[in-house]
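Presented sequentially are two complexes of subunit A, the first with subunit B as partner and the second with subunit C.
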Partner chain A sequence: MGWKFTNTAFNDLFAGLTEDYIILAPKRFVNRGRFSDTDLIRYDEVKKSDDIIWKEKSTFSPKEAVFPVTQTLFYFTEEAFREPQPEEKQYLVFLRPCDINGIRRPDTINLKNGPEPDSYYANLRKRVRFVMIECTESFDNCFCVSMKSNITSDYDMAVRLTDDKVLLEIKNDDFLRYIRSDIPKIEFRPEFVLENKIKVNVPEVDEMPAGVYEHEMWNEYKSRCIACGRCNTTCVTCTCHTTNDIFYDDNSLAGERRRTWASCHVDGFTDMAGGISFRKDNGSRMRFKVLHKIYDYRKRFGEHMCVGCGRCDDNCPEYISYSGCINTLNKVIRETVS
Partner chain B sequence: MNKNPLIPKPHKIIGINRETDLESTFRIEMDTAPVMGQFYMVSIPRIGEMPISISGIGQGWIDMTIRNVGKVSQAVHFLDMESTLFLRGPYGNGFCLEEFKGQHLVIAAGGSGIAPVRPIVEYYYNNQHEIDKLDLLFGFKTPDAIMFGKDIKRWKERFKTILTVDDACGIWDGECVGLITGYVKDIKLSEYDRMDVIIIGPPVMIKFTAAEFIKRGVSEERIIVSMERRMSCGLGKCGHCKIGEHYICLDGPVFRYNDAFKMID
Partner chain C sequence: MTLDVNTKAVVKNAYRITKHRGKTALRIRIPGGYLKAKHFDLLKEIAEVYGDGIVHLTTRQGFEISGIDYSSIPKVNSLINPLLQDLEIDIGVIIKDTSNGYPSAGTRNIAACIGNRVCPFANYNTTALAQRIEKEIYPNDYHVKVALTGCPNDCIKSRMNDFGIVGMVEPQYDYQRCIGCEACVKNCKSNVTGALSLHKGKVKRDARRCIGCGECILKCPTAAWTRNPVKFYDILIMGRTGKKNPRIAEEFIQWADEDVVIKVIKNTYRFIDEHIDKTLPKEHIGYIVDRTGYQVFRDKALEDIKLNPEARIAKNIQWGGFRYSSDVFMSDKLQ
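Moving on, here comes the complex of A and B:
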């Protein structure tokens, strides 16, 4: 079912929604971007539709909404552990189809990998609802079509923004009560991007030829990649994290155990106590990430990890092209196999 | 009790035995028995967590041999008897002793890799009839690094035991100089499917020792290794231990070598 809003009426809808939900959407932070004079667009709380950046791709993904950068697991007092008070807040996240498909990956890792779901993730995730922002024209570096993540039906509402009106589809009836009776009903189904400028040939091999791991194609990244980890932090599908303890300055007997996003490109990711570490050069870290995104993950879970949002390419300070790397890899595999 | 698997439980230290300058074995009260080869996440609140494998299992206790090389392990070495360690686990798969029934088993361990095999040797020391034969091959860097010396002496009475030290000779009865790999040839092999080989140690040691056994005709499926990697969650979530499609904390740390050798970090 669909509704047609004027811009003013749509802002009014937000007033109603914010009574029950914290709305998270892409917001602009002027001059805070990666390069000088660029803005940073990241997910943050919005109160009205006008605060949302509709026409640009966000620098950071909406992953933060379900998987906070830092999260307290529990507090220590002398000898007792105390979990943080369970939160009750409901979240409504505005995001694009690739990101909706993207969040399925953190869902899989946190809820399905291992003996039991992660309770912190599960608790937050069940309070998050999705509003899909219709995406019909792709941005720079997007290759969602190649990754088959351009289409989704996994949302509660979907929205199309034009210059003078907003069209809304509601799939989850819980949201019907926010629609004023004077808002005109229409037929509306969102459309999807069906082609990107960038096309990626994802290798669909069952076994990665052994030669690929040692191939010289990775050497390029040894010096080019500076191990900053931006490709990981902006990626909607990266879920790695590290658990650390801290104690408070004013009372060293009290503290907390928390986990924080980690990055497989950054030094120390594989370090074990005693000095052994793996993937010391940045070329093998690139190889590890790329193969995880388009090979390892699929072997374990049946779909590729990468959804082709292109944020890693948008944000790499060394202008490393991950999509280009996959295409090279595909060629290398074809040569190795034949 | 708390069901959150990330919250560790307190366990009392009921024994401390210094093995080397760096390593001590902590005996910890434990009412449930883990599988040999599994590990626990051991922590001291406000300092941190680390994965530690089990180096002994008994009635109401487990042993953990901890090397004093990091922030957390250093703190553990300051603990006294009766202090509390916090544990969650056990995690990972372990060794399936059922598979070794009636077999000729060879155990090759390098350095602190001897810790996770100690319960296996101890088990067969007490249940010798369950296997056809057990051969032991232990390698240490220096005489000072030899761990479980008393145990090894005792095991030697029942099993063929070769102890090597990389660069010294004559300090310890019956020891040989050089790397373990040079002594693989001294093990008399049995028929293909009558024997299993367990190899545990640093990554290079595993690789070269396995290569020696394979060269002598032991097939990759008969070799079992245990892999050590950085671990943070132990539950398949944090990604630190991942190699290829495998999570060492879930699918390992124990692997058959025909799977393990394909896993490239």
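Moving on, here comes the complex of A and C:
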């Protein structure tokens, strides 16, 4: 079922939704971009539809909605601990199909990887609903079609924005009560992008040939990669984090357990007791990440981790193309196998 | 006919008295070093038809066209009209008679690094500010050098100028977004002033040590550091080269906003009016401040200015620099 809104009426819809939901969407932070006189676009709370950036890709992904950069798991004192009280409202996240498919990866890692789901993740995740932003044209660096993440049905509502109207599909009847009776009904089914400018040939091998791990193709990244971690922090599917107990400065007997994103490219990621660490050169970090995104994860969970949102390629300050690397890898594997 | 040239008038008109009798050289003023490529046709024509075919790139980002006959000055002045129009009048500079070339040459071309139009490090649009300052201070006969640089790397070497305007950005920290990767901390320690330190997985910034370069923002992979959209400037004063006491400029006001920059520079011209030694053919601003002392300059420069709350003023300035008069470290041998 669909509805047709004027822009004004669609903004009015937000007034109702914000009573019950914290709405998260790509938002513009004017002049807060990395470089002077540039803007930052990232997910944050919006109060009206006009605040949403519809036509540009956000630098950071919507995974922040389900997986905050810093999350306090519980506070502790000498004899007790307590989890932070959750927000009363639920979350409504506006995101594109690739990102909806992308969040299935943190879901899998946190809820299905091991005997027990991660309760901290689960508690937040169950309060998040999706509004799909229809996406029929690629941005630069998108390769969702190659990663088969261009299409999804996992959303409660879907929205198409045109210059003078907004079309909304509602799949979850819970949201019908927010629709004013004067909003005209129409037939609307969102469409999906079916071709990207960037095409990636993902190697489909059951066992990675041993020669790939030591292949010289990784060597160039030793010097090119600066281990900044942007490919990880902007990725919708990276879920690595580190857990720390923080003891407060003013009272070292009280504190909190906190988890924070980690990055497999950044120094210290593999540090272990005894001063041991692995993958010291940045080339092997690149190899680790790439093979995890398009090989290890699939072996375990049946689909590739990478969804082809292209944010790693958008944001690498050294112009390292991850998608280009996969294509190279594919060639290397073919040569190795034959 | 024997040449009869009013050298004072010629110099004021931005022409040089050269070593070659009968030949002069024109300095083209290019505020902020920002020149549309189309003007090269005109520079080429003047150099090849009226000059010796050579265009010298000056240290202050102008062009000096040499080998021009004094008699060609009126013709050359009429030819440079499009330059005056585009580079001066169109940015708001008032030049009453546009057919007679440059109205003055004392206040030198405002030099600027390429700024945030291109450079990732720059904290502001140096071109735009150069043009704004040019509008406020040109034409003027007083000998004042202003240079603008986008960040404390100071690629334009603004510290060698009477005024160096260095772009500053206040990095604002979102504790929740920081992953403690230390990219900012390590960089600040190795390349800047070590204003950042890691504390329990998060970053602390020592505001007194921070020079507002913005490198932490550039390094941050999560946008935990972002820019305060308000732009700030470090106003460096009274640097110079020269034969008496070359020295680098020192900080006068840190974290000044743009209006303060403009007003301080304008007030400085009033200070010169009051204190310049009128018995001399010219006197550089830095030497005037040497005579009056910093405090007298400061009070005049800040007159009627409402400082933005973030601004910090130097209580005192002790310029160092080199003094040619001192030869205690030189050997006794004289040529």
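Quick note on the criterion: the second predicted complex is superposed on the first by the 330 of 338 C-alpha atoms of A that agree within 3 Å, B and C clash if a C-alpha of one lies under 4 Å from a C-alpha of the other, contacts with A are read in each partner's own complex, and residues count from 1 in each chain.
Methods note: a contact is a pair of C-beta atoms (placed from the backbone, for glycine too) under 8 Å apart; a residue touches a chain by one contact, two chains touch by 3 or more.
Note that this is a predicted model, so its numbers are computed, not measured.
**Student:** Should the superposition on subunit A be reported as showing a clash between subunit B and subunit C, or a fit?
**Tutor:** They fit side by side.
**Student:** Using the superposition described at the top, determine whether subunit B or subunit C touches more residues of subunit A.
**Tutor:** B
**Student:** Classify the contacts of A:Phe14 with the two partner chains as first (subunit B alone), second (subunit C alone), both, or neither.
**Tutor:** It touches nothing on subunit B or subunit C.
**Student:** Look at A:Gly229 in the shared chain and tell me whether it touches subunit B only, subunit C only, both, or neither; answer first, second, both or neither.
**Tutor:** Second partner only, subunit C.
**Student:** Once chain A of both complexes is superposed, is A:Leu40 in touch with subunit B (first), subunit C (second), both, or neither?
**Tutor:** second
**Student:** Would you sort A:Tyr213 into first (subunit B), second (subunit C), both or neither based on which partner it touches?
**Tutor:** first
**Student:** Per the contact definition in the header, classify A:Asn244: touching subunit B only (first), subunit C only (second), both, or neither.
**Tutor:** both
**Student:** What is the contact status of A:Phe67 with respect to subunit B (first) and subunit C (second): first, second, both, or neither?
**Tutor:** neither
**Student:** Once chain A of both complexes is superposed, is A:Ala262 in touch with subunit B (first), subunit C (second), both, or neither?
**Tutor:** Both subunit B and subunit C are touched by A:Ala262.
**Student:** Check whether A:Thr59 is in contact with subunit B, with subunit C, with both or with neither, and answer first, second, both or neither.
**Tutor:** Touch status of A:Thr59: second partner only.
**Student:** After the superposition on chain A, what angle is formed at the C-alpha centre of subunit A by the C-alpha centres of subunit B and subunit C, rounded to the nearest 10 degrees?
**Tutor:** Vertex subunit A, arms to subunit B and subunit C: 110 degrees.
**Student:** Smallest separation in Å between any Cα of subunit B and any Cα of subunit C in the superposed model?
**Tutor:** Minimum over all C-alpha pairs: 10 Å.
**Student:** Indicate the residue numbers of subunit A shared between its subunit B interface and its subunit C interface, in ascending order.
**Tutor:** Residues 244, 246, 262 of subunit A touch both subunit B and subunit C.
**Student:** Per the contact definition, I'd like the list of subunit A residues that touch subunit B in the complex.
**Tutor:** Those in contact with subunit B are residues 73-74, 76, 79, 81, 83, 109-110, 113-116, 118-120, 210, 213, 239-247, 252-255, 257, 259, 262, 264, 269-279, 284, 288, 291-292, 296-297, 299-300.
**Student:** Would you mind writing out the residues of subunit B in touch with subunit A in their complex?
**Tutor:** Answer in residue numbers: 2-8, 10, 43, 45-50, 67, 69-73, 84, 202-203, 228-230, 232-233, 235-240, 242, 244-245, 247, 249-250, 262, 264-265.
**Student:** Which positions of subunit A touch subunit C when the two form their complex?
**Tutor:** The contact residues of subunit A facing subunit C are 29-37, 40, 42, 59-60, 68-70, 228-230, 232-233, 244, 246, 258, 260-263, 266-268.
**Student:** Touching residues of subunit C toward subunit A in the complex: what are they?
**Tutor:** Residues in contact with subunit A: 116, 120, 122-125, 150, 167, 169, 175-183, 200-201, 214, 217-224, 226-227, 229, 231.
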